[in-house]
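After this come two complexes, each holding subunit A, first together with subunit B and then together with subunit C.
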Partner chain A sequence: MFKDLNPILHSQLRLAVVSILISVKEAEFTYLREKTDATAGNLSVQINKLKEAGYIDVTKTFKDNYPQTICKITPQGVQAFEEYVRDLQSYLNIKK
Partner chain B sequence: MEQEKEMTGQESLELITRMIKRARRDYLNSGLSALLWGTVIPICSLVTFANYYLKWPALDYIWLLTIVAVVPQVVIAVRERKGKRYRSYDEDHLGGIWISFGIAVWLLTFVFGRYPVNGEGAIYLTLYGVPTFATGYTRGFRPMLLGGLACWALAVVSLYCNYPYTMLCIAAGALLAWFIPGLILRKCYLKAKEKHV
Partner chain C sequence: MENNTENFSPEDSLRVIQTMIDKTKTSVVDNSFYFLVWGWLVFSGALLQYILVVFVKTPANGAAWNVMFLGFIISIVRRVKNKPPRVKTFIDEGLASIWLCIFVVQILIVIIFLRRGDWEHCYPIFLILYSVGCFLTGRMLKFPPLVWGAAACWAIVILMTFVDAVTNMLLTSGAVLLSYIIPGYLLRGEYKKQLLNQPN
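The block that comes next holds the complex of A and B.
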(Lines of atoms letter the chains of each structure in order from A and count residues from 1; the text may use other names and numbers.)
(Lines give C-alpha, C1' and ligand atoms only; values in the text may rest on other atoms or scores of the structure.)
Protein backbone atom coordinates (compact mmCIF):
# COMPACT_ATOMS: atom_id res chain seq x y z
CA MET A 1 0.00 0.00 0.00
CA PHE A 2 2.80 2.39 0.92
CA LYS A 3 5.47 1.00 -1.38
CA ASP A 4 5.95 4.37 -3.03
CA LEU A 5 6.40 6.27 0.21
CA ASN A 6 9.93 7.04 1.33
CA PRO A 7 10.71 4.31 3.93
CA ILE A 8 13.12 6.57 5.82
CA LEU A 9 10.39 9.12 6.46
CA HIS A 10 7.50 6.70 6.76
CA SER A 11 8.24 5.97 10.38
CA GLN A 12 6.44 7.64 13.24
CA LEU A 13 9.38 9.06 15.14
CA ARG A 14 11.53 9.96 12.14
CA LEU A 15 8.61 11.71 10.49
CA ALA A 16 7.88 13.59 13.73
CA VAL A 17 11.51 14.74 13.97
CA VAL A 18 11.63 15.89 10.35
CA SER A 19 8.26 17.68 10.72
CA ILE A 20 9.64 19.66 13.66
CA LEU A 21 12.92 20.42 11.92
CA ILE A 22 11.07 21.68 8.85
CA SER A 23 9.36 24.28 11.09
CA VAL A 24 12.45 25.55 12.92
CA LYS A 25 15.92 26.54 11.80
CA GLU A 26 17.62 24.16 14.22
CA ALA A 27 16.74 22.35 17.43
CA GLU A 28 18.52 20.75 20.34
CA PHE A 29 18.17 17.04 21.03
CA THR A 30 16.35 17.75 24.32
CA TYR A 31 13.81 19.92 22.51
CA LEU A 32 13.10 17.16 19.98
CA ARG A 33 12.76 14.62 22.79
CA GLU A 34 10.25 16.81 24.61
CA LYS A 35 8.17 17.49 21.50
CA THR A 36 8.10 13.87 20.32
CA ASP A 37 7.70 12.26 23.77
CA ALA A 38 10.37 9.74 22.79
CA THR A 39 13.06 8.16 24.95
CA ALA A 40 16.62 9.42 24.50
CA GLY A 41 17.80 6.03 23.21
CA ASN A 42 15.15 5.62 20.55
CA LEU A 43 15.41 9.23 19.44
CA SER A 44 19.17 8.91 19.16
CA VAL A 45 18.83 5.84 16.91
CA GLN A 46 16.27 7.51 14.64
CA ILE A 47 18.31 10.71 14.41
CA ASN A 48 21.30 8.65 13.34
CA LYS A 49 19.24 7.01 10.58
CA LEU A 50 18.12 10.44 9.34
CA LYS A 51 21.71 11.63 9.45
CA GLU A 52 22.95 8.61 7.50
CA ALA A 53 20.30 9.29 4.87
CA GLY A 54 21.65 12.85 4.59
CA TYR A 55 18.34 14.37 5.70
CA ILE A 56 19.65 16.12 8.79
CA ASP A 57 22.91 17.59 10.03
CA VAL A 58 23.91 16.80 13.59
CA THR A 59 26.37 19.04 15.42
CA LYS A 60 27.77 18.13 18.81
CA THR A 61 29.00 20.98 20.97
CA PHE A 62 29.17 22.00 24.63
CA LYS A 63 26.86 24.43 26.37
CA ASP A 64 27.77 25.46 29.93
CA ASN A 65 30.04 22.41 30.17
CA TYR A 66 27.23 20.02 29.15
CA PRO A 67 27.22 18.18 25.82
CA GLN A 68 24.72 19.58 23.39
CA THR A 69 23.42 18.00 20.18
CA ILE A 70 21.93 20.33 17.59
CA CYS A 71 19.92 19.00 14.65
CA LYS A 72 19.18 20.83 11.45
CA ILE A 73 17.40 19.70 8.31
CA THR A 74 19.47 19.65 5.11
CA PRO A 75 18.28 20.77 1.64
CA GLN A 76 18.15 17.06 0.76
CA GLY A 77 15.92 16.49 3.79
CA VAL A 78 13.61 19.33 2.78
CA GLN A 79 13.32 17.88 -0.71
CA ALA A 80 12.61 14.38 0.62
CA PHE A 81 9.98 15.74 3.02
CA GLU A 82 8.27 17.69 0.24
CA GLU A 83 8.23 14.63 -1.98
CA TYR A 84 6.86 12.52 0.87
CA VAL A 85 4.01 14.99 1.46
CA ARG A 86 3.28 15.12 -2.27
CA ASP A 87 3.15 11.32 -2.42
CA LEU A 88 0.84 11.27 0.60
CA GLN A 89 -1.44 13.85 -0.95
CA SER A 90 -1.67 11.97 -4.22
CA TYR A 91 -2.35 8.78 -2.28
CA LEU A 92 -5.12 10.43 -0.32
CA ASN A 93 -6.26 12.25 -3.44
CA ILE A 94 -6.04 15.62 -1.74
CA LYS A 95 -6.09 18.50 -4.15
CA LYS A 96 -4.07 21.54 -3.22
CA MET B 1 6.11 7.73 20.61
CA GLU B 2 7.93 4.50 21.33
CA GLN B 3 6.18 1.65 19.54
CA GLU B 4 6.72 1.83 15.80
CA LYS B 5 3.49 0.88 14.08
CA GLU B 6 2.45 0.97 10.47
CA MET B 7 0.92 4.38 9.77
CA THR B 8 -1.89 5.02 7.37
CA GLY B 9 -1.64 7.99 5.01
CA GLN B 10 -4.13 9.89 7.12
CA GLU B 11 -2.16 9.22 10.29
CA SER B 12 1.04 10.42 8.63
CA LEU B 13 -0.58 13.71 7.63
CA GLU B 14 -2.02 14.15 11.12
CA LEU B 15 1.38 13.52 12.69
CA ILE B 16 3.04 16.09 10.41
CA THR B 17 0.36 18.69 11.20
CA ARG B 18 0.57 18.00 14.94
CA MET B 19 4.36 18.33 15.07
CA ILE B 20 4.44 21.51 12.99
CA LYS B 21 1.77 23.03 15.25
CA ARG B 22 3.70 22.01 18.38
CA ALA B 23 6.86 23.68 17.10
CA ARG B 24 5.02 26.85 16.07
CA ARG B 25 3.12 27.18 19.32
CA ASP B 26 6.35 27.11 21.23
CA TYR B 27 6.94 30.85 20.89
CA LEU B 28 8.07 31.96 24.32
CA ASN B 29 9.51 35.32 25.08
CA SER B 30 10.33 36.68 28.52
CA GLY B 31 8.82 40.04 27.52
CA LEU B 32 11.76 41.78 29.26
CA SER B 33 12.89 43.70 26.16
CA ALA B 34 9.39 45.03 25.57
CA LEU B 35 9.11 46.01 29.25
CA LEU B 36 12.53 47.68 29.21
CA TRP B 37 11.80 49.91 26.22
CA GLY B 38 8.18 50.35 27.24
CA THR B 39 9.54 51.87 30.47
CA VAL B 40 12.57 53.83 29.25
CA ILE B 41 10.87 55.68 26.38
CA PRO B 42 7.84 56.88 28.45
CA ILE B 43 10.22 58.01 31.24
CA CYS B 44 12.32 60.03 28.75
CA SER B 45 9.21 61.49 27.10
CA LEU B 46 7.50 62.43 30.39
CA VAL B 47 10.68 63.93 31.85
CA THR B 48 11.15 65.99 28.66
CA PHE B 49 7.51 67.08 28.97
CA ALA B 50 7.97 68.06 32.63
CA ASN B 51 11.22 69.84 31.82
CA TYR B 52 9.37 72.10 29.42
CA TYR B 53 8.03 73.77 32.56
CA LEU B 54 10.86 72.99 35.01
CA LYS B 55 13.69 74.05 32.71
CA TRP B 56 16.43 72.08 34.54
CA PRO B 57 19.45 71.88 32.21
CA ALA B 58 20.51 68.46 33.51
CA LEU B 59 17.22 66.93 32.35
CA ASP B 60 18.02 67.90 28.75
CA TYR B 61 20.22 64.82 28.67
CA ILE B 62 17.50 62.40 29.77
CA TRP B 63 17.42 60.73 26.34
CA LEU B 64 20.95 59.45 26.97
CA LEU B 65 19.13 56.93 29.14
CA THR B 66 18.23 55.12 25.89
CA ILE B 67 21.95 54.53 25.27
CA VAL B 68 22.39 53.22 28.82
CA ALA B 69 19.39 50.91 28.27
CA VAL B 70 21.22 49.20 25.41
CA VAL B 71 23.42 47.42 28.02
CA PRO B 72 20.57 45.53 29.76
CA GLN B 73 19.04 44.95 26.32
CA VAL B 74 22.18 43.14 25.17
CA VAL B 75 22.26 41.11 28.42
CA ILE B 76 18.59 40.13 27.96
CA ALA B 77 19.15 39.16 24.32
CA VAL B 78 22.20 37.03 25.12
CA ARG B 79 20.45 35.27 28.03
CA GLU B 80 17.32 34.56 26.01
CA ARG B 81 19.39 33.17 23.16
CA LYS B 82 21.38 30.98 25.52
CA GLY B 83 18.26 29.59 27.20
CA LYS B 84 16.53 28.62 23.97
CA ARG B 85 16.66 25.04 22.78
CA TYR B 86 15.72 25.83 19.20
CA ARG B 87 16.09 28.59 16.68
CA SER B 88 13.16 29.58 14.52
CA TYR B 89 13.19 31.27 11.12
CA ASP B 90 11.02 34.07 12.53
CA GLU B 91 13.81 35.11 14.88
CA ASP B 92 16.06 36.08 11.98
CA HIS B 93 13.24 37.97 10.28
CA LEU B 94 12.33 39.86 13.43
CA GLY B 95 15.99 40.38 14.32
CA GLY B 96 16.64 42.10 10.98
CA ILE B 97 13.62 44.37 11.42
CA TRP B 98 14.44 45.38 15.02
CA ILE B 99 18.16 45.94 14.42
CA SER B 100 17.49 48.16 11.40
CA PHE B 101 14.77 49.99 13.33
CA GLY B 102 17.19 50.54 16.23
CA ILE B 103 19.92 51.94 13.97
CA ALA B 104 17.43 54.22 12.18
CA VAL B 105 16.02 55.55 15.47
CA TRP B 106 19.53 56.09 16.82
CA LEU B 107 20.47 58.08 13.69
CA LEU B 108 17.30 60.16 13.90
CA THR B 109 17.72 60.87 17.62
CA PHE B 110 21.41 61.37 18.13
CA VAL B 111 22.78 62.41 14.74
CA PHE B 112 20.09 64.12 12.68
CA GLY B 113 18.70 66.10 15.61
CA ARG B 114 21.80 68.26 15.38
CA TYR B 115 21.25 69.12 11.70
CA PRO B 116 17.72 70.43 11.23
CA VAL B 117 18.43 72.20 7.91
CA ASN B 118 19.60 69.55 5.43
CA GLY B 119 17.83 66.61 6.98
CA GLU B 120 15.43 65.67 4.18
CA GLY B 121 17.85 63.61 2.07
CA ALA B 122 19.17 61.99 5.25
CA ILE B 123 15.69 60.88 6.30
CA TYR B 124 15.05 59.29 2.90
CA LEU B 125 18.40 57.50 3.02
CA THR B 126 17.68 56.28 6.54
CA LEU B 127 14.37 54.86 5.36
CA TYR B 128 16.08 53.22 2.35
CA GLY B 129 18.45 51.52 4.76
CA VAL B 130 15.76 49.92 6.95
CA PRO B 131 14.22 47.34 4.58
CA THR B 132 17.53 46.85 2.75
CA PHE B 133 19.45 45.98 5.91
CA ALA B 134 16.54 43.86 7.24
CA THR B 135 16.38 41.88 3.97
CA GLY B 136 20.15 41.37 3.91
CA TYR B 137 20.19 40.27 7.55
CA THR B 138 17.22 37.93 7.20
CA ARG B 139 18.37 36.30 3.99
CA GLY B 140 22.05 36.31 4.91
CA PHE B 141 22.62 38.29 1.70
CA ARG B 142 25.71 40.39 2.36
CA PRO B 143 25.43 42.86 -0.58
CA MET B 144 22.07 44.09 0.75
CA LEU B 145 23.32 44.13 4.34
CA LEU B 146 26.22 46.33 3.24
CA GLY B 147 23.86 48.35 1.03
CA GLY B 148 21.72 49.14 4.07
CA LEU B 149 24.77 50.20 6.07
CA ALA B 150 25.95 52.31 3.11
CA CYS B 151 22.56 54.11 3.03
CA TRP B 152 22.94 55.04 6.71
CA ALA B 153 26.54 56.20 6.21
CA LEU B 154 25.43 58.29 3.23
CA ALA B 155 22.56 59.67 5.32
CA VAL B 156 25.17 61.11 7.70
CA VAL B 157 27.30 62.37 4.78
CA SER B 158 24.25 64.08 3.23
CA LEU B 159 23.85 66.17 6.38
CA TYR B 160 27.04 67.95 5.43
CA CYS B 161 25.87 68.58 1.86
CA ASN B 162 23.60 71.20 0.40
CA TYR B 163 21.03 70.67 -2.32
CA PRO B 164 21.56 69.47 -5.10
CA TYR B 165 24.56 67.50 -3.75
CA THR B 166 22.25 65.56 -1.42
CA MET B 167 20.81 64.06 -4.62
CA LEU B 168 24.21 62.52 -5.34
CA CYS B 169 24.10 60.86 -1.91
CA ILE B 170 20.62 59.52 -2.62
CA ALA B 171 21.75 58.22 -6.03
CA ALA B 172 24.77 56.52 -4.45
CA GLY B 173 22.55 55.04 -1.72
CA ALA B 174 20.07 53.57 -4.19
CA LEU B 175 22.88 52.18 -6.36
CA LEU B 176 24.58 50.49 -3.40
CA ALA B 177 21.37 49.31 -1.72
CA TRP B 178 19.46 48.03 -4.71
CA PHE B 179 21.16 48.29 -8.09
CA ILE B 180 24.35 46.39 -7.24
CA PRO B 181 22.58 43.71 -5.12
CA GLY B 182 19.98 43.54 -7.90
CA LEU B 183 22.68 42.82 -10.48
CA ILE B 184 24.11 40.06 -8.27
CA LEU B 185 20.65 38.55 -7.69
CA ARG B 186 19.86 38.70 -11.39
CA LYS B 187 23.11 36.93 -12.25
CA CYS B 188 22.37 34.16 -9.71
CA TYR B 189 18.78 33.87 -10.93
CA LEU B 190 19.79 33.49 -14.58
CA LYS B 191 22.46 30.95 -13.62
CA ALA B 192 19.93 28.91 -11.64
CA LYS B 193 17.41 29.13 -14.48
CA GLU B 194 20.00 27.91 -16.97
CA LYS B 195 20.70 24.90 -14.75
CA HIS B 196 17.04 23.88 -14.65
CA VAL B 197 16.35 24.24 -18.36
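The block that comes next holds the complex of A and C.
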Protein backbone atom coordinates (compact mmCIF):
# COMPACT_ATOMS: atom_id res chain seq x y z
CA MET A 1 0.00 0.00 0.00
CA PHE A 2 1.24 3.50 -0.79
CA LYS A 3 2.49 5.41 2.24
CA ASP A 4 2.16 9.22 2.37
CA LEU A 5 5.41 11.06 1.75
CA ASN A 6 6.87 12.79 4.82
CA PRO A 7 5.44 16.36 4.60
CA ILE A 8 8.54 17.89 6.22
CA LEU A 9 10.77 16.50 3.48
CA HIS A 10 8.28 16.68 0.64
CA SER A 11 9.03 20.32 -0.06
CA GLN A 12 11.43 21.48 -2.75
CA LEU A 13 13.79 23.58 -0.66
CA ARG A 14 13.80 21.46 2.50
CA LEU A 15 14.45 18.35 0.42
CA ALA A 16 17.29 20.14 -1.38
CA VAL A 17 18.90 21.11 1.93
CA VAL A 18 18.64 17.59 3.35
CA SER A 19 19.96 16.08 0.08
CA ILE A 20 23.06 18.26 0.37
CA LEU A 21 23.58 17.58 4.07
CA ILE A 22 23.21 13.81 3.59
CA SER A 23 26.35 13.79 1.42
CA VAL A 24 28.61 16.06 3.49
CA LYS A 25 29.68 16.18 7.14
CA GLU A 26 28.52 19.77 7.64
CA ALA A 27 27.86 22.86 5.53
CA GLU A 28 27.69 26.58 6.13
CA PHE A 29 24.49 28.54 5.50
CA THR A 30 26.09 30.49 2.62
CA TYR A 31 27.09 27.23 0.92
CA LEU A 32 23.51 25.90 1.16
CA ARG A 33 22.18 29.20 -0.20
CA GLU A 34 24.58 29.08 -3.14
CA LYS A 35 23.78 25.45 -4.01
CA THR A 36 19.99 25.80 -3.68
CA ASP A 37 19.72 29.27 -5.28
CA ALA A 38 17.29 30.22 -2.50
CA THR A 39 16.88 33.60 -0.85
CA ALA A 40 18.43 33.96 2.61
CA GLY A 41 15.04 34.58 4.24
CA ASN A 42 13.33 31.58 2.66
CA LEU A 43 16.26 29.29 3.38
CA SER A 44 16.40 30.46 6.97
CA VAL A 45 12.69 29.64 7.49
CA GLN A 46 13.07 26.16 5.95
CA ILE A 47 16.21 25.42 7.97
CA ASN A 48 14.31 26.33 11.14
CA LYS A 49 11.52 23.91 10.18
CA LEU A 50 14.06 21.11 9.65
CA LYS A 51 15.68 21.98 12.96
CA GLU A 52 12.33 21.92 14.79
CA ALA A 53 11.64 18.48 13.29
CA GLY A 54 14.99 17.32 14.71
CA TYR A 55 16.36 16.54 11.24
CA ILE A 56 19.29 18.96 11.34
CA ASP A 57 21.53 20.58 13.95
CA VAL A 58 22.26 24.27 13.55
CA THR A 59 25.29 25.82 15.23
CA LYS A 60 25.79 29.58 15.20
CA THR A 61 29.33 30.83 15.79
CA PHE A 62 31.43 33.90 15.09
CA LYS A 63 34.55 33.85 12.92
CA ASP A 64 36.51 37.12 12.57
CA ASN A 65 33.44 39.05 13.81
CA TYR A 66 31.23 37.52 11.11
CA PRO A 67 28.33 35.24 12.09
CA GLN A 68 28.61 31.69 10.81
CA THR A 69 25.73 29.23 10.70
CA ILE A 70 26.76 25.61 10.32
CA CYS A 71 24.19 22.93 9.52
CA LYS A 72 24.58 19.22 10.03
CA ILE A 73 22.14 16.37 9.52
CA THR A 74 21.15 14.39 12.62
CA PRO A 75 20.74 10.57 12.80
CA GLN A 76 16.97 11.23 12.92
CA GLY A 77 17.31 13.27 9.73
CA VAL A 78 19.26 10.50 8.00
CA GLN A 79 16.58 7.97 8.97
CA ALA A 80 13.77 10.27 7.77
CA PHE A 81 15.56 10.84 4.44
CA GLU A 82 16.10 7.10 3.93
CA GLU A 83 12.44 6.41 4.66
CA TYR A 84 11.42 9.22 2.31
CA VAL A 85 13.52 7.75 -0.52
CA ARG A 86 12.04 4.28 0.14
CA ASP A 87 8.50 5.71 0.04
CA LEU A 88 9.37 7.58 -3.13
CA GLN A 89 10.65 4.36 -4.74
CA SER A 90 7.53 2.41 -3.79
CA TYR A 91 5.32 5.24 -5.08
CA LEU A 92 7.16 5.34 -8.41
CA ASN A 93 7.01 1.52 -8.69
CA ILE A 94 3.24 1.56 -8.13
CA LYS A 95 2.87 4.26 -10.77
CA LYS A 96 4.73 2.15 -13.32
CA MET B 1 14.80 27.86 -5.58
CA GLU B 2 11.29 28.38 -4.20
CA ASN B 3 9.79 26.22 -1.49
CA ASN B 4 7.22 24.63 -3.74
CA THR B 5 5.04 22.06 -1.93
CA GLU B 6 1.71 22.30 -3.78
CA ASN B 7 2.73 21.00 -7.21
CA PHE B 8 5.78 19.12 -6.05
CA SER B 9 5.52 15.63 -7.48
CA PRO B 10 7.57 12.53 -6.46
CA GLU B 11 9.31 12.84 -9.85
CA ASP B 12 10.31 16.41 -8.91
CA SER B 13 11.61 15.05 -5.59
CA LEU B 14 13.88 12.61 -7.37
CA ARG B 15 15.17 15.38 -9.62
CA VAL B 16 15.93 17.65 -6.63
CA ILE B 17 17.79 14.85 -4.81
CA GLN B 18 19.81 14.01 -7.92
CA THR B 19 20.66 17.67 -8.67
CA MET B 20 21.76 18.42 -5.11
CA ILE B 21 23.91 15.29 -4.85
CA ASP B 22 25.55 16.21 -8.19
CA LYS B 23 26.28 19.73 -6.97
CA THR B 24 27.82 18.43 -3.74
CA LYS B 25 29.99 15.93 -5.61
CA THR B 26 31.88 18.80 -7.22
CA SER B 27 32.65 20.45 -3.87
CA VAL B 28 36.35 19.92 -4.24
CA VAL B 29 38.93 21.34 -1.86
CA ASP B 30 42.34 22.37 -3.09
CA ASN B 31 44.42 19.67 -1.42
CA SER B 32 47.51 20.43 -3.50
CA PHE B 33 48.92 23.19 -1.27
CA TYR B 34 50.33 20.94 1.46
CA PHE B 35 51.64 18.40 -1.07
CA LEU B 36 53.59 21.14 -2.82
CA VAL B 37 54.90 22.85 0.33
CA TRP B 38 56.02 19.66 2.07
CA GLY B 39 57.12 18.08 -1.21
CA TRP B 40 59.44 20.96 -2.08
CA LEU B 41 60.75 21.13 1.50
CA VAL B 42 61.60 17.42 1.69
CA PHE B 43 63.08 17.64 -1.82
CA SER B 44 65.25 20.62 -0.78
CA GLY B 45 66.20 19.07 2.57
CA ALA B 46 67.40 15.81 1.03
CA LEU B 47 69.23 17.55 -1.81
CA LEU B 48 70.84 20.08 0.53
CA GLN B 49 72.03 17.30 2.83
CA TYR B 50 73.52 15.49 -0.16
CA ILE B 51 75.40 18.68 -1.16
CA LEU B 52 76.62 19.20 2.43
CA VAL B 53 77.89 15.59 2.63
CA VAL B 54 79.43 15.23 -0.85
CA PHE B 55 80.68 18.71 -1.71
CA VAL B 56 80.93 20.70 1.55
CA LYS B 57 81.91 17.59 3.54
CA THR B 58 80.57 18.92 6.82
CA PRO B 59 79.56 16.63 9.70
CA ALA B 60 76.73 19.03 10.48
CA ASN B 61 74.89 18.00 7.31
CA GLY B 62 71.77 17.07 9.29
CA ALA B 63 71.15 20.81 9.65
CA ALA B 64 69.81 20.68 6.07
CA TRP B 65 66.55 19.36 7.53
CA ASN B 66 65.97 22.61 9.41
CA VAL B 67 64.18 23.73 6.23
CA MET B 68 61.27 21.62 7.49
CA PHE B 69 60.54 24.25 10.16
CA LEU B 70 59.52 26.53 7.28
CA GLY B 71 56.75 24.05 6.53
CA PHE B 72 55.36 24.33 10.06
CA ILE B 73 55.39 28.14 9.86
CA ILE B 74 53.76 28.20 6.38
CA SER B 75 51.12 25.64 7.44
CA ILE B 76 50.24 27.51 10.65
CA VAL B 77 50.06 30.90 8.86
CA ARG B 78 47.83 29.45 6.14
CA ARG B 79 45.53 27.86 8.70
CA VAL B 80 45.18 31.07 10.71
CA LYS B 81 44.78 33.36 7.69
CA ASN B 82 42.47 31.23 5.56
CA LYS B 83 38.75 31.13 6.20
CA PRO B 84 37.50 27.69 7.25
CA PRO B 85 35.93 25.80 4.32
CA ARG B 86 32.20 26.39 3.86
CA VAL B 87 31.59 22.69 3.58
CA LYS B 88 33.27 19.70 5.20
CA THR B 89 32.96 16.34 3.53
CA PHE B 90 33.58 12.93 5.07
CA ILE B 91 36.58 12.56 2.74
CA ASP B 92 38.10 15.82 4.06
CA GLU B 93 37.68 14.52 7.60
CA GLY B 94 39.20 11.12 6.75
CA LEU B 95 42.18 12.73 5.00
CA ALA B 96 42.80 15.09 7.90
CA SER B 97 42.91 12.10 10.29
CA ILE B 98 45.28 10.15 8.03
CA TRP B 99 47.74 13.05 7.70
CA LEU B 100 47.57 13.87 11.40
CA CYS B 101 48.48 10.25 12.15
CA ILE B 102 51.35 10.35 9.61
CA PHE B 103 52.63 13.59 11.17
CA VAL B 104 52.67 12.06 14.67
CA VAL B 105 54.36 8.85 13.47
CA GLN B 106 56.95 10.92 11.59
CA ILE B 107 57.85 12.87 14.76
CA LEU B 108 58.18 9.55 16.64
CA ILE B 109 60.48 8.17 13.94
CA VAL B 110 62.64 11.31 14.08
CA ILE B 111 62.94 10.89 17.86
CA ILE B 112 63.87 7.19 17.52
CA PHE B 113 66.58 7.86 14.90
CA LEU B 114 67.98 10.85 16.79
CA ARG B 115 68.31 8.75 19.95
CA ARG B 116 69.75 5.70 18.20
CA GLY B 117 72.11 7.68 15.97
CA ASP B 118 71.79 5.42 12.91
CA TRP B 119 70.09 8.10 10.78
CA GLU B 120 71.38 6.55 7.52
CA HIS B 121 68.59 3.99 7.73
CA CYS B 122 65.83 6.59 8.13
CA TYR B 123 65.23 7.46 4.44
CA PRO B 124 63.36 4.31 3.34
CA ILE B 125 61.28 4.41 6.54
CA PHE B 126 60.19 7.99 5.81
CA LEU B 127 59.42 7.13 2.19
CA ILE B 128 57.26 4.19 3.28
CA LEU B 129 55.38 6.54 5.60
CA TYR B 130 54.93 9.19 2.86
CA SER B 131 53.72 6.53 0.45
CA VAL B 132 50.92 5.54 2.84
CA GLY B 133 49.61 9.12 2.82
CA CYS B 134 49.95 9.42 -0.96
CA PHE B 135 48.26 6.12 -1.64
CA LEU B 136 45.29 6.67 0.67
CA THR B 137 44.81 10.28 -0.49
CA GLY B 138 44.97 9.16 -4.12
CA ARG B 139 42.40 6.43 -3.53
CA MET B 140 40.05 8.62 -1.53
CA LEU B 141 40.19 11.51 -4.01
CA LYS B 142 40.11 9.07 -6.94
CA PHE B 143 43.28 10.72 -8.21
CA PRO B 144 45.60 8.11 -9.81
CA PRO B 145 48.80 10.27 -10.01
CA LEU B 146 49.06 10.09 -6.19
CA VAL B 147 48.59 6.30 -6.25
CA TRP B 148 51.31 6.04 -8.91
CA GLY B 149 53.47 8.35 -6.80
CA ALA B 150 53.09 5.95 -3.86
CA ALA B 151 54.03 3.02 -6.14
CA ALA B 152 57.12 4.97 -7.25
CA CYS B 153 58.06 5.41 -3.58
CA TRP B 154 57.83 1.64 -3.04
CA ALA B 155 60.08 0.94 -6.02
CA ILE B 156 62.62 3.52 -4.80
CA VAL B 157 62.53 2.03 -1.28
CA ILE B 158 63.60 -1.34 -2.76
CA LEU B 159 66.32 0.43 -4.77
CA MET B 160 67.54 2.12 -1.57
CA THR B 161 68.47 -1.23 -0.05
CA PHE B 162 71.10 -1.70 -2.80
CA VAL B 163 72.88 1.66 -2.42
CA ASP B 164 74.62 3.63 0.34
CA ALA B 165 73.04 6.21 2.67
CA VAL B 166 74.39 9.19 0.69
CA THR B 167 72.76 7.98 -2.52
CA ASN B 168 69.58 7.44 -0.49
CA MET B 169 69.45 11.21 0.02
CA LEU B 170 69.33 11.76 -3.74
CA LEU B 171 66.80 8.97 -4.14
CA THR B 172 64.62 10.62 -1.46
CA SER B 173 64.54 13.82 -3.52
CA GLY B 174 63.58 11.82 -6.61
CA ALA B 175 60.87 9.91 -4.77
CA VAL B 176 59.35 13.11 -3.39
CA LEU B 177 59.41 14.67 -6.84
CA LEU B 178 57.41 11.72 -8.21
CA SER B 179 55.05 11.22 -5.28
CA TYR B 180 54.38 14.75 -3.98
CA ILE B 181 55.54 17.50 -6.31
CA ILE B 182 54.35 16.24 -9.71
CA PRO B 183 51.01 14.87 -8.37
CA GLY B 184 50.65 18.11 -6.35
CA TYR B 185 50.81 20.25 -9.50
CA LEU B 186 48.47 17.85 -11.34
CA LEU B 187 46.03 18.01 -8.41
CA ARG B 188 46.09 21.81 -8.53
CA GLY B 189 45.32 21.68 -12.26
CA GLU B 190 42.46 19.26 -11.62
CA TYR B 191 41.04 21.55 -8.92
CA LYS B 192 41.10 24.56 -11.25
CA LYS B 193 39.46 22.52 -14.00
CA GLN B 194 36.67 21.35 -11.64
CA LEU B 195 36.07 24.92 -10.43
CA LEU B 196 35.50 26.01 -14.04
CA ASN B 197 33.05 23.15 -14.64
CA GLN B 198 31.17 23.55 -11.35
CA PRO B 199 27.40 24.00 -11.90
CA ASN B 200 27.29 26.75 -9.21
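Here are some notes:
Here is the rule we go by: the second predicted complex is superposed on the first by the 90 of 96 C-alpha atoms of A that agree within 3 Å, B and C clash if a C-alpha of one lies under 4 Å from a C-alpha of the other, contacts with A are read in each partner's own complex, and residues count from 1 in each chain.
We adopt the following convention: contacts are C-beta pairs under 8 Å (C-beta built on N, C-alpha and C of every residue); 3 or more make two chains touch, one makes a residue touch a chain.
These figures come from a predicted structure and were not determined experimentally.
In this overlay on subunit A, subunit B clashes with subunit C. Of the two partner chains placed around the shared chain by superposition, neither subunit B nor subunit C is touched by A:Q76.
In the superposed model, A:T59 lies in contact with neither subunit B nor subunit C. In the superposed model, A:S23 makes contact with both subunit B and subunit C. Looking at the shared chain after the overlay, A:N48 reaches neither subunit B nor subunit C.
Annotation: subunit A residues 5, 10-13, 15-16, 19-20, 22-28, 30-31, 35-38, 42, 63, 85, 88, 91-92 touch subunit B in one complex and subunit C in the other. The residues of subunit A lying in touch with subunit B in their complex are 2, 5, 10-13, 15-16, 19-20, 22-28, 30-31, 35-39, 42, 63, 85, 88, 91-92. Across the interface of their complex, subunit C is touched by residues 5, 7, 10-16, 19-20, 22-28, 30-31, 34-38, 42, 45-46, 63-64, 84-85, 88, 91-92, 95 of subunit A. Within the complex formed with subunit A, the subunit C residues making contact are 1-5, 8, 10-14, 16-17, 19-21, 23-25, 27, 83-84, 86-90, 92-93, 200. Interface residues of subunit B, counted against subunit A in their complex, comprise 1-2, 4-7, 9-10, 12-13, 15-16, 19-20, 22-24, 26, 82, 85-89, 91-92.
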